[in-house]
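You will see chain A twice below: alongside chain B first, and alongside chain C after that.
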Partner chain A sequence: MSAIAVDRPVFRQTDLHYGGAVDHAGAGRACDGVVPQAASARLSVRGLRVQIAGGVDVVSDVSFDVAAGRIVGLVGESGSGKTTVASALLGHVRHGARIVEGRIEVAGTDLLSLPESALRAVRGRVVAHVAQDPATTLNPLLRIGTHMHEVLEVHEPALGRREREARILEVFAEVGLPAESGFLKRFPHQLSGGQQQRVLLAQAFVLKPQLIVLDEPTTALDVSTQAKVLTTIRTLCGQHGVAAVYVSHDLAVVRELVDDVIVLYAGRIVEAAPLTALFAAPAHPYSQGLLAAIPDVAERRALQPIPGQAPAPGTRPAGCAFAPRCPLRSDACAMQVPGLVRVGAQQRAACLRLDAGPAFRIEPAGAARAVVRSSGDALLEVAQIDAWYGERQVLHNVALSLDAGECVAVVGESGSGKTTLARALAGLGEHANGTVRYRGKALSLRARERSPDVRHQIQYIFQNPYRALNPRHTVGDTLITAVRHFFAVDRAEARRRAEAVLARVSLQPTLLDAYPRELSGGERQRVAIARALVCEPQLLICDEITSALDVSVQATILALLRELQAGGLSILFVTHDLGVVRALADRVVVLRDGRVVEHGAVDDVLDHPFAAYTRQLVDHSPSLIERAQRPDKAPRIVRYAR
Partner chain B sequence: MSRPPSSFRKPNPLLDLLRARQVRFGLVLSVLVVAFALLGPLFAPHAPTDLVGITYGPPSLDAPLGHDYIGHDVWSRVLAGGVSVVWMSLVSAVLALTAGTALGLLAAFARRRVDQTIVWFTDVFLAFPDLILVLLIVSMLGREHWIIVLTVAVAFAPGVVRLSRGIALGVVNQEFVEAAEMMGYPRGRILFREILPSILTPLLVHLGIMLTWAIGMLSGLAFLGYGVAPPAADWGLMINENRAGLLIQPAAVFGPVLLIALFALGTNLLAEGVGRVTSRIEEKTT
Partner chain C sequence: MTTLSIGPQHLLPQLRRTAAALRARAPAWLPWFIGRLLSGVGVVLVISFIVFGATQALPSDPARMILGPEAPEHTIETLRRQLGLDRPLVLQYVDWAGQVVSGNLGRSIDSNVPVAELMAGRFANSLTLTLAVAAVAFPLALVLGIALALRRDSLFDRAVLSSVVLFKAVPGFVIGICLVMIFSTSVFNILPAASLLDPALPAWRQPQYLILPTATLALSVATYLLRLVRASMIEAMDSEYVTAARLRGVPERRIIWRHAVPNALIPAIQGVAMTFRVLFGGAVLAEVIFSYPGIGNTLNAAIEMRDLPLIQGIVLVVTVGVVAINLAADLITVLLTPRLRTATRIRARSPGLRNAASLWRTGKSWRVSV
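Take a look at the complex of A and B:
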């Protein structure tokens, strides 16, 4: 297959499957999206500038409009200022920050000119907010009914208890919760994650606000639940004619939901465009880079990392903030801050090099490697593993095998037991037992019972790079200790090896003296990978190692893993993200409730899932490629009928 | 991957500490009192046990604070009487910290049986009022300095065990500890190189607070007659010796009282200040 540029016709598809809500949104679509102009806009932001102590800009010169019934996606990576903008829409900034300039008008009211008391009346009633993590937003000691009544008591004190309850049940029916009095008596912990998020939605919609701000409300949810919650949000905004701002780092999720997209980078809008225009022909190099960095469930892609990393407030370069990472930069880029210029009918981008052609292209990679079973023994052979969490069994007779040089993905939603499995194989299996063979020899599930020789060959990388490195040790300490623990070398040689391994994960050798707190999330994860590599492993077990990272950083980590795999390393990759699976793995094992429901070659399983559960996972995974546009796939051949 | 030039100031914890007024004040106060106690004997005009005046004699040029209940020079005794309080309180607090931390770490890391046993013993010890425990031991075993120091340490250690176990429990589940476990690092290394540095700050704050308690307890013991034996000079003892003459010769009581109070105040301000500053730092970084 030849390389395909981002502007291939495939993306020109304009009709998106928004379900029943399309009609409502269609009314809004007639007016001009995010391009600032309309006086009729429900939300109008002009020249917003937020500073933190020391006069450092977090957000500069942000202007956009949202019409009633439309949903705008505010997209950016960590540090882009998207959450700051979102909270500013409620007239709030976090402690230490200050709105120094700008106007925020919601339905004609200028929020920033209101005194604090009036602002409090506006919040919830005119502008509602839905938080990221319902588990921490809902008070665990209050019943669901109390949460709901409270909102109405504060904002509509005239209502009696009966009327309030009627309103609550009405909105519960709308958000897809059981509209029963009994349900109101439940406590948050008795609800599933999706239901908790729906309670937050109900809290937001019960007052029929003018504007609703959604701050990554689905990041804590599994893909299936996420898909359903997104549909609900879409329907509600359409029905009530509410303007919505949806903050997210995930373009694939945004694509399922919004009408217009605003891409933020380093506190400025770099591109604002209707959804279809952005995905068909992203104008700004950063947007192009983001799109090219997203692994897609429908197609194996050569993920292209954006070099470098996003600047933190205070370290943003003069001129175009993206210039240092941009392959198209010219001298002028470092001199002047580009303003938003019109690119298409409703598309605007802030770039001086718009004509220089796409900076990043989406390029499909070849198909996954054909799986060839070597005649010899597998590197890792899991005959069966059972594991318990207290009384509850979380792994039931799980079996899998992994050949040398192969990458096997273990996929499942939260609670599927995938992390338990990975930990048991890595030697942290305190409550697991089973029969596992490594290179033909029995392997204990407790690291201390393994021989040092086996221990250094099997390395594990944790999900959260912020907790995986000891904050009190320098990078050098961490790496050198690992070398000297396994190999009888002197300090100088250990340091040399540590430097060499840092080079392998594309980090400067000067970082040896840095403490983890001085590193970004992506750099920390590289150090964690370096710690594993310095032990000269044969098998790398990765537990969701990119889920805490931004998309562009994830792409660099995945590229690194691919490179290592090409060098002969075997990888067991645990994830919930089918896009990542497609990008990286040769074979995949699907786990559900601690049982293997399907396994096989990646392309086979993702293109022609046998199990209903796998099909549901694939269908609910956000994708940037239209279902109808996906090329026909070769039929699945059953290769694993042993 | 290139790193952008960082314009951030490298955090220097010591400088941050000294920037807080409470810490500076506490530090200066503690250092002054310690210096007074350690260097004082060199400047004393008389030996602490010399009888140079009449009972409760008034201040004179020769004795600026007057004389005590049998005619010692109060000024000389105040200068000489701090050493015992200072070294005994310091040593007992450090001993309690070391022993308590070791046990607490072990409990948190080993869990199950070991944890239960250690927690059970600390609970039993905690149920005893500190001062009663110390009085009991001292009256049984005698009033040697090292026995007093040891018993005060024993009285304080259970608190340290509880504290260090509590903080360490939050650290032992961190992934970097699991990583070390998975690598098969020696257990001692995991305890003292991986976990200990992460829990050190609150423990050092606790050391300061224990120092304050120890000063109070040692002075109290001396006052009750279970500490330093007369005729040796000791601040706590002096309060007891001279309380009968409080109205005639108040300096003989208030001199030592003032110094004990200043020392306790200084160490407490220092410890609390350090605690405040470090918790604020942690708030900022997480």
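Take a look at the complex of A and C:
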């Protein structure tokens, strides 16, 4: 059993304390917290267990404390239960789920013992929540002002309209929104993503809550906007002395913001530690694996994928849920669920094999391959491409080149035209024109006009593996159709080739008869890659193919791409993630508003950005390495900027 | 202000500025609406061609229909001349269209009463029936749809949904006949089986004749609307803005009425419009079953009698009505959706219609493109 003493839920009637500094009852309790307990834990979670229908645990035995003014990062991959924990902190679970056990105290009030009406009074006022996607979290029919007024109308009915408006404008100024009445009349769709997220922050902070729960609030934003929003969150939490729980799948983002980190795996806490301790010496094999799997903008790493995939609720193994993926597992791991044990001053981990040494190690890879540019033999030579979306020009005179066996990354924020460029090169662009040469011959921007011989050599992989495969076709159908489309082979030969290509992407040949719905996201993306490979391509165009995947899965896909590239394949990789660029690409092209602002060898561009925009992107990219600790890089000599 | 001293090279930017200023003042959706209006007029025009052509193409001769099979050939010829049926088609159309525009729809061949006069009474009856059905079906579908959505997957929800499917599957005339058997003939004898309205009185003064046709039609149209409202309400309640409002401590009642219902009702506008289209176009079956003197019944009789002017008049008015209903539904949808209202360019011809169709079929919303 766990090392934490799990309090059985004791439902006691507590008076509700609103606002102000509440000297609460929980202060004196022996709180064997996970996160270093302060004398005044603002939030205290004990033995939280959430189940879905059928008595299946989504979250088991989660306990931690958060002190006022501190920010705790709750980190985990999809299916880890992090969002469930986040909403449970407001006494809310999604349709079909149930909190069966546990105790959640905020400023001394046990939320789970409150009746519905009292709980409602707590939500928004004592505990605030900021959701992931601001575009869908704001009601499209209501003006920003209506959204803001509603919070105050509900929780501070005594305030008059003028007083409310004054409060709203005050908090708008704090979160960095224009403090004007005119702004309140706007509708959500008239705001940028960053502004929408700031409105959500304003809604959360306007009542000066005791605790704020942020559920991946920056995932939908560009890196630059994300960096600014993170700064705002940090400032506000500091100013108001709010305790905050920041939920994220991204350790690099968390590193920019939080004081303590809790790592969740399969619904349990596997490690809890102060930020610096976790990054300096992760104790749990899963934490080590996560850190080793994250591509970093500041340093090229040999990314180490964690084998296997996270178990879904209901299929979690007995004993340690991570054991099947853990290189250090022993027989004992499958027998019992390890409890959290102290490994450092304030660090705890739930592992039986803590002494067996690190399971995964961050290993810097060597420098990028030397960029040898011999003129005239580029595989793909884009002299210039222009493209339009409606009447708006989205690509302006974009030029780039790609050698055989090279990986070129195209980076930019949303709206930079990077996907338009990828689609145009794949021959999917509808309103693009330009001069492109492939193997020295002119290449049409319409796939229809390309010869079948060229068409099979240039293959495209889509961003979302959940939508890229026909749900009614088995993996075999998908692959065999592609083979027989390009090559005159009989069915048996096509099947043989399909099996061979599955082996190349490390999938079992038995998956030929599986439907996409039976596969995980990572497996689907492998099938999508296999579909491209089976056409025997020379050039793979990858459009953000890892952005829908968890980091540990992303690492396996990136490893696969590197392997393919070593085998002579050329890759054009479109992404917004500079860490991925560093891990994978040889050269990089930076796009902004449809124009190339900089291009060159990856290490040159990322270590010594030439354009101000690139520098800003690099600076705003979350990194696990302290800026001061970054190794001095040789000055940039080779430069391909125009 | 343009003055004469400004040369033509200055005129164009000036004009552009004026146009921009006008655009800034006019609502953003106006160009879309004008386009829709013009295409509506086009539809009416095309339908008028088709109607005129189709009625001419009917196999038998109206003159012979009026005079009967035994009439001598020369009498028929005389009548054809009197009716103008021997003139070239184009002339007949231009003549007819000119008359229509000036409000004269001609005289019924069958009864020799002006078509406008004949239609006025029948349309009034149909309109009364339509409004009665709307007054029953819309609140029923709305309230029940929202109630079901809020009790999703409960026993109540499943029971009502199953019976809705039943009503949907049973043809309208079967419902009508069952109601007649229950309330007029076999079981109770409390309502008239046939709606023999007194032509001297408006229909709404004779409610006893309205009840059964209204009930029959309401039962068949409410099912469609009910499913639509339920699906869009469920989608609204599942949306993230509703979850977010809950997590801000907004009371459930306020969430339902301020957040979910307004969002759920926008797709329902298209459902309401479709119901109006069906009813206004003449609920032929119900009118025939109950001998209700509405427009559907009249059109039916006019076709049987080959009463050309009457057919043309009815179809034309129905067309104008349907076009107007569609236009109104689309305009209301655009006005109630801030995203569309403020859009500089609305790409979809009828935003909201696909959304409603998708919701009804699958329970999932279709992204409205702007």
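Throughout what follows, the second predicted complex is superposed on the first by the 597 of 642 C-alpha atoms of A that agree within 3 Å, B and C clash if a C-alpha of one lies under 4 Å from a C-alpha of the other, contacts with A are read in each partner's own complex, and residues count from 1 in each chain.
Methods note: a residue touches a chain if its C-beta (ideal position, glycine included) is under 8 Å from a C-beta of that chain, and two chains touch if they have at least 3 such contacts.
Here the structure is a predicted model, which is why all the values come from computation and not from measurement.
Of the two partner chains, chain B is the only one that A:448 touches; chain C does not reach it.
Of the two partner chains placed around the shared chain by superposition, chain C is the only one that A:124 touches, whereas chain B remains out of contact. Contact with chain B, but none with chain C, is seen for A:427 once the two complexes are overlaid on the shared chain. Of the two partner chains placed by superposition, A:554 touches none, neither chain B nor chain C. By the touch criterion stated above, A:151 is placed in contact with chain C alone, chain B being left untouched. In the superposition on chain A, A:51 makes contact with neither chain B nor chain C. Residue ranges on chain C touching chain A, taken from their complex, read 238-241, 243-251, 254, 258-259, 262-263, 336-339, 342, 345.
Within the complex formed with chain C, the chain A residues making contact are 87, 90, 92, 94-95, 120-125, 128-129, 131, 133, 136-143, 150-151, 154-155, 187, 189-190, 200, 203, 390. Interface residues of chain A facing chain B in the complex, by the touch rule stated above, are 307-309, 311, 314-315, 317, 324, 426-428, 447-448, 450, 452, 455, 460, 462, 464, 467-473, 481-482, 485-486, 506-508, 511, 517-518, 523, 531, 535, 556. Touching chain A in their complex are the following residues of chain B: 1-8, 174-176, 178-185, 194, 197-198, 285.
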